[in-house]
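Below are the structure tokens for one structure; questions will follow.
Chains: A, B, C and D, in written order; residue numbering restarts at 1 for each.
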Amino acid sequence: MKTLIDEAKTLRRTLHQYPEVGFTEMITTYLILKEVEDTSFTLYLGSDATDINAQMGRPSEAELLKACERAESFGVDKDTLDKIRNGETGIVAVLDTGVEGPHVGFRFDIDGLPITEAEKDSHIPFVEGFKSKHDGEMHACGHDAHASIGVALLKYIDTNKDELKGKYTIIFQAAEEGLRGANGYVQKGWLDTVDYFFTSHVGLVPLKVGTVNAKSKGFLSSKKFDVEFYGKSAHAGAEPNAGKNALLAASNAAVNLNAISRHRDGATRLNVGKLEAGSGRNVIPDYAFMMCEVRGEKDELTEYMYERAEAVIKGAALMYDCDYKIRLMGNASTAVCDDELVDVIKRATVNNSYITQLNEEGPAGGSEDATYMINRVQKNNGKATYMTFPYELKAGHHHPEFDVDEAVLGVAISTYIDIVNELNKD
Amino acid sequence: MKTLIDEAKTLRRTLHQYPEVGFTEMITTYLILKEVEDTSFTLYLGSDATDINAQMGRPSEAELLKACERAESFGVDKDTLDKIRNGETGIVAVLDTGVEGPHVGFRFDIDGLPITEAEKDSHIPFVEGFKSKHDGEMHACGHDAHASIGVALLKYIDTNKDELKGKYTIIFQAAEEGLRGANGYVQKGWLDTVDYFFTSHVGLVPLKVGTVNAKSKGFLSSKKFDVEFYGKSAHAGAEPNAGKNALLAASNAAVNLNAISRHRDGATRLNVGKLEAGSGRNVIPDYAFMMCEVRGEKDELTEYMYERAEAVIKGAALMYDCDYKIRLMGNASTAVCDDELVDVIKRATVNNSYITQLNEEGPAGGSEDATYMINRVQKNNGKATYMTFPYELKAGHHHPEFDVDEAVLGVAISTYIDIVNELNKD
Amino acid sequence: MKTLIDEAKTLRRTLHQYPEVGFTEMITTYLILKEVEDTSFTLYLGSDATDINAQMGRPSEAELLKACERAESFGVDKDTLDKIRNGETGIVAVLDTGVEGPHVGFRFDIDGLPITEAEKDSHIPFVEGFKSKHDGEMHACGHDAHASIGVALLKYIDTNKDELKGKYTIIFQAAEEGLRGANGYVQKGWLDTVDYFFTSHVGLVPLKVGTVNAKSKGFLSSKKFDVEFYGKSAHAGAEPNAGKNALLAASNAAVNLNAISRHRDGATRLNVGKLEAGSGRNVIPDYAFMMCEVRGEKDELTEYMYERAEAVIKGAALMYDCDYKIRLMGNASTAVCDDELVDVIKRATVNNSYITQLNEEGPAGGSEDATYMINRVQKNNGKATYMTFPYELKAGHHHPEFDVDEAVLGVAISTYIDIVNELNKD
Amino acid sequence: MKTLIDEAKTLRRTLHQYPEVGFTEMITTYLILKEVEDTSFTLYLGSDATDINAQMGRPSEAELLKACERAESFGVDKDTLDKIRNGETGIVAVLDTGVEGPHVGFRFDIDGLPITEAEKDSHIPFVEGFKSKHDGEMHACGHDAHASIGVALLKYIDTNKDELKGKYTIIFQAAEEGLRGANGYVQKGWLDTVDYFFTSHVGLVPLKVGTVNAKSKGFLSSKKFDVEFYGKSAHAGAEPNAGKNALLAASNAAVNLNAISRHRDGATRLNVGKLEAGSGRNVIPDYAFMMCEVRGEKDELTEYMYERAEAVIKGAALMYDCDYKIRLMGNASTAVCDDELVDVIKRATVNNSYITQLNEEGPAGGSEDATYMINRVQKNNGKATYMTFPYELKAGHHHPEFDVDEAVLGVAISTYIDIVNELNKD
């Protein structure tokens, strides 16, 4: 166990230096691959692992190409790169013991964020020399830890496979940020026969390290979407009537999106986070772009907001004789964890010395696309939970000074191993 | 001539006491009828005179009924009333001399305005006891004078019919205000064979009485329209999401109608003159009503504004999931008068002692639906003009203290008679 | 008890025929007065009872005059009328037993609604001949029953005054609808020394008659306000630039009021229930009027909405160079009932045969201005509760077919009497 | 003459390779300086030539620095660079003959545009190897020709100074594009004593080369301005109420700027050419930026639009509790050329063999900041004109394939020389 945890710490520090945003985790995928390719797990990459058509908010060709070149420079072999260069990053690792038993699924997300890491003496990755080497990208949400925990779990299962029964599927998921990646794996069917599903997040709640929340509640449903308005430019002084003003279509849409009515059944949200329109001062703007999101306490509320948003956007476009396009960029449901797994975790960790406090439930950290997986497992009568492994956060998630208390690695890895063993008992 | 002018003055003062807004000129029609029914002119009333389907901005059934009851109380006979009770008011009077000659058309508008007449010692109709007897209605644009001039002209032609050649059509037109009535007569075909067409307005420009402007320029094209938005009400506190907010559809439409782009080719106008929406404070508004107008220096500019307005209204309705209806309430084209008739008028009035100044051209007073008639005559190769007979206005048109300098009656009647005689010369 | 209930039923049917909207309850006040003037209670009317400056959403002078004339026709004596003709309607009745004991306060609201009562065979007031005699006004919320219950309670206390201790204040409150009347009595100080305060509503929840909810939760805080925009008119065709467009100020305000952001801390509401702007089609609108309301789960949320609304309105006025005025028309706080009184009610009604089910808590019916009184009592360390007496509603509150199941009178009257007796025990 | 024209052609081709946008014309200034420094003209640079406080739409420090470094690499000497590195580019050249006579002023603008030059076989600068060497910058409006014509004129005057009388001021003006530079020289006083002022543009109208329009009409008055809104960011899901939404302030401003009323007195224009707001999808936008312009047929109309725009922007900011800043980025008046100078040009060019057609008047090409200079000269009773030297344009001004027909150089230079000689006659 000690070795596993030490290796996880080392791996986490390596991954931390190569953060890659969603669907460009080419170095990350490669580094994980190197760790696990000599095990008995069957490894699936690229289109074998995920369904590109179910990915949302994919990067541009140019961004993929740039990531690819960076991965090449890093030394990722051509063979691996060819499988994932289209953004089908991540790995699915499967081991069937051949012995009858449950199918247990795990998911670890692996992507970084478009944030520039802090260079302060209070920031350990900077001081100890394992800060991000990718300008403008950072592991500011702890997914480097997640990936490392997943690798440790995989190794444990591999080492002990002869004493284990049933089947194990471990998903190293791309692009959790923006709620864009999970659905690709779900559509590929990996969750369809899973009996027990576990996933988790480090941090989130500022509690003493050693605390485990066995399930989470309060997942916000959300839809992220981009809007484009296509008008027609014209000289604003000479022939303004010849234009179709995309900027005005967008401006009206922005205001009226915010005016979508509150809903009887609970809290909703809407934001137009970005609006860019027009080119030159004296040209009727022929193009506008908006980044939007809606949220709801329940899926139905998010759907209500999204449907109303579609009408507003269509109406605004029509007002100014513009065409428009709405592109779904991210999506997450709410989800409800299963109490049965809380019991499993309780029984499993009864002798775990890394854990100082086991809570039945903690808060979910907003929106999460693991909910896709949870819902799919439950749809097929499986059980699922989303654990959290808190520690005293020095800075919030998505902050340039965010850091992981590495003591949490031991708590998480031991908990996962306990679970595997507990499920093997019956 | 003197007698004709005196009679016109008397008739004008009678008509002034019974102003009736467009399409409710039932007493007015009756009073004119009484003046001209014993002549040789063939008189057309009701659906024989005008096409109800080409009328715009018609009053409600209730308003027509009320006007009808008032006319009955006044003493209008049932026979006449039956012909005009549906708002097909006005008279077309035709006399064919049987002698070959030109077909000459004249048009005099007869409607009042929804304005309460002033009761001031400086206001002659009040002082001399011939103020409006209809509360809230007033001849504040001089159409009482117009009708009287037309009656005098008709009598002159009738008296002298044996010395005249050709054919005479005199239209006493309903509902010029709001540009609603002219088209009914045009669609009926009265203008189709007219060779020379004359119409006119008293006042408009504050010049010495005795001035005649032989033609007019600057008619503004215009479209008047009402808009209704139909939404769905809901309790604003309990279930706001269930509503479809017609007030917000209308508010967005109002703002964006005003934002319709200027046009390269000339001046345009738009106004939302009235907006009424909603019922109770705590009810999502399910209905909204707007009164709008667009204008343009040229017909194409008015069309541009109207088409853009339609798109804005449709888009605004869509934004809030509302239905909508646009109803055309008035319409006027631009028109260009014929120089040939300026020459006719010049020659005709060379010895006219009522005229002190003959100008070739004066300004048109904004929008006018006589333009419908002018355009129709010209389409069939006839010639047309719109004269003005100015006087020193004490108060502007549509003002509660507007009044006609009755000296203008002599100027106008003598001019029309001169024209008839001039056209009879060749 | 039986007699009291029968008399209450008779009084309720009389009051039902003379519904009067808030601040015009002149006949209602008179009818209650006649019932209670021969008791030992000291009666306060007009400016002795309420503070006119603390009333909100008062009717116009014309409306007060009309109500006054109606009351005169009904036979209300001049003396009484003089006290209440300014809209200071309602009665405060006080009885001090002279024996040391608690000060107990009660409040019964007495106003009707601007709704036309249904004439259907399924509607008992119509069938049994006690339908509203006031066109367009109706007791559609059961305040006729409330007043009758109050009168019965007053009579009981009066009859038994010799066995009672402490002091009793009974408020027959005007203008609960719109949350406009309560504050007038509060500012007068009637609640300042009250130890126990009880008020209630019949209906609200469709439960079996015989049910009592001893307290209520979920009062929505609310602010009602009117907005006026003052611009400048101008001819829309001739000189549009000279106008200051109040309609556009209002339209922008309406849209952006609806766009006020959701709040982290709970549910909020906003509605622009009515917008009226402009006069003629071709006139730049110089005036606009809006009826608005905001609500919140907590007072702070309502304040947040109101403050944001003020900024939006000011900004919209500024955009179009208009002046504006905001007038507060109604106001209600949230309130929390006291558990101590639930206990009192439980103990009091232990042998009450009219009650079949006593619940500790039921839902409040939205916004209520009794909350003003509850909060004032509690501020001075008194205890307060808002009970509900449900029955199976045939039609919702504020509906033309709303009716009171008169069996509820017995439940309510007996409960109030039990409370009086219980508080007299110690 | 032939030599002068050939040298001008060479200089034009050199300048064409080093286009620099407004206030960064450091190489351009240097190249002109090299051409004229050995003449008898006194040369003024930097703060001796222009008033930095009267410049509008200045580049950022970073942009100036970059231009400066480029100029250094090019070989501009430190001495010259130090004078102009702050964007005080351009040269004023003055020669006083010492003989009594008129003060004649000339102005030639020298800046390029932020346009990438075409690389097509039909584009002469590309084919003949003198295409722009500055990526993203291009002489796409012919100011390279203007500068060359000015240099030729200067040399002519210098060569013939002994036969000339009066005083000559030649302004090589920075930053005409965007209407930003002229005012700097005006405020410095260079135009205050000018008796005759001449400036011109090549191209503009597609007429045969050899045509000269002696004056221009139709200068549009214009104001260019940038707007910034400063709000406050907040997490759109977690605490939306804490934000101050700059994007919504800007969106409302954009719509309502377009809704500024038409003006009675003539054509107006408004455009929001660019709007950029917000950062991340889930962040309430705390910043928005807009690029705007207004225009009018008369200065008063532009002022009307600008004043209304200020009110709209202020109101929109207030609605969303944002701060804002409006920055004037460019400004041009209308101007009326003097007929006296048309006569001068007619007389002057009577034997000019380069000219095939002399028109009294041609259209101005929209807005021009030479109007500042024209108005200043006329204010002090001088006479001024703006000539155009048309040729058959292959591509419009500001187009990547715009090119100058170099035959126009001869037409322009000979005309200017003729003017000098004509004014020397009396």
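Please note the rule applied: a residue touches a chain if its C-beta (ideal position, glycine included) is under 8 Å from a C-beta of that chain, and two chains touch if they have at least 3 such contacts.
Owing to the predicted nature of the structure, the values given are computational and were not obtained by experimental measurement.
Comparing chain pairs A-B and A-D by the number of C-beta pairs in contact, the larger count belongs to A-D. A centroid comparison over C-alpha atoms places D as the chain most distant from chain C.
Taking the mean of the C-alpha atoms as each chain's centre, chain A and chain B sit 70 Å apart.
Distance between chain centres (mean CA atoms), chain A to chain D: 52 Å. For chain C, residues touching at least two other chains, in rising order: 238, 240, 245, 248, 252, 255-256, 258-259, 261-262, 269, 284.
By the touch rule above, chain D contacts chain A in their complex via residues 220, 222, 224, 236-238, 240, 245, 247-248, 250-252, 254-255, 258, 269-285, 288, 291-293, 295, 329, 366-367.
By the touch criterion stated above, chain A contacts chain C in their complex at residues 255-256, 258-259, 261-262, 267-269. Interface of chain B with chain A (complex): residues 238-243, 245, 248, 252, 256, 259, 261-265, 284, 304, 308, 311-312, 314-321.
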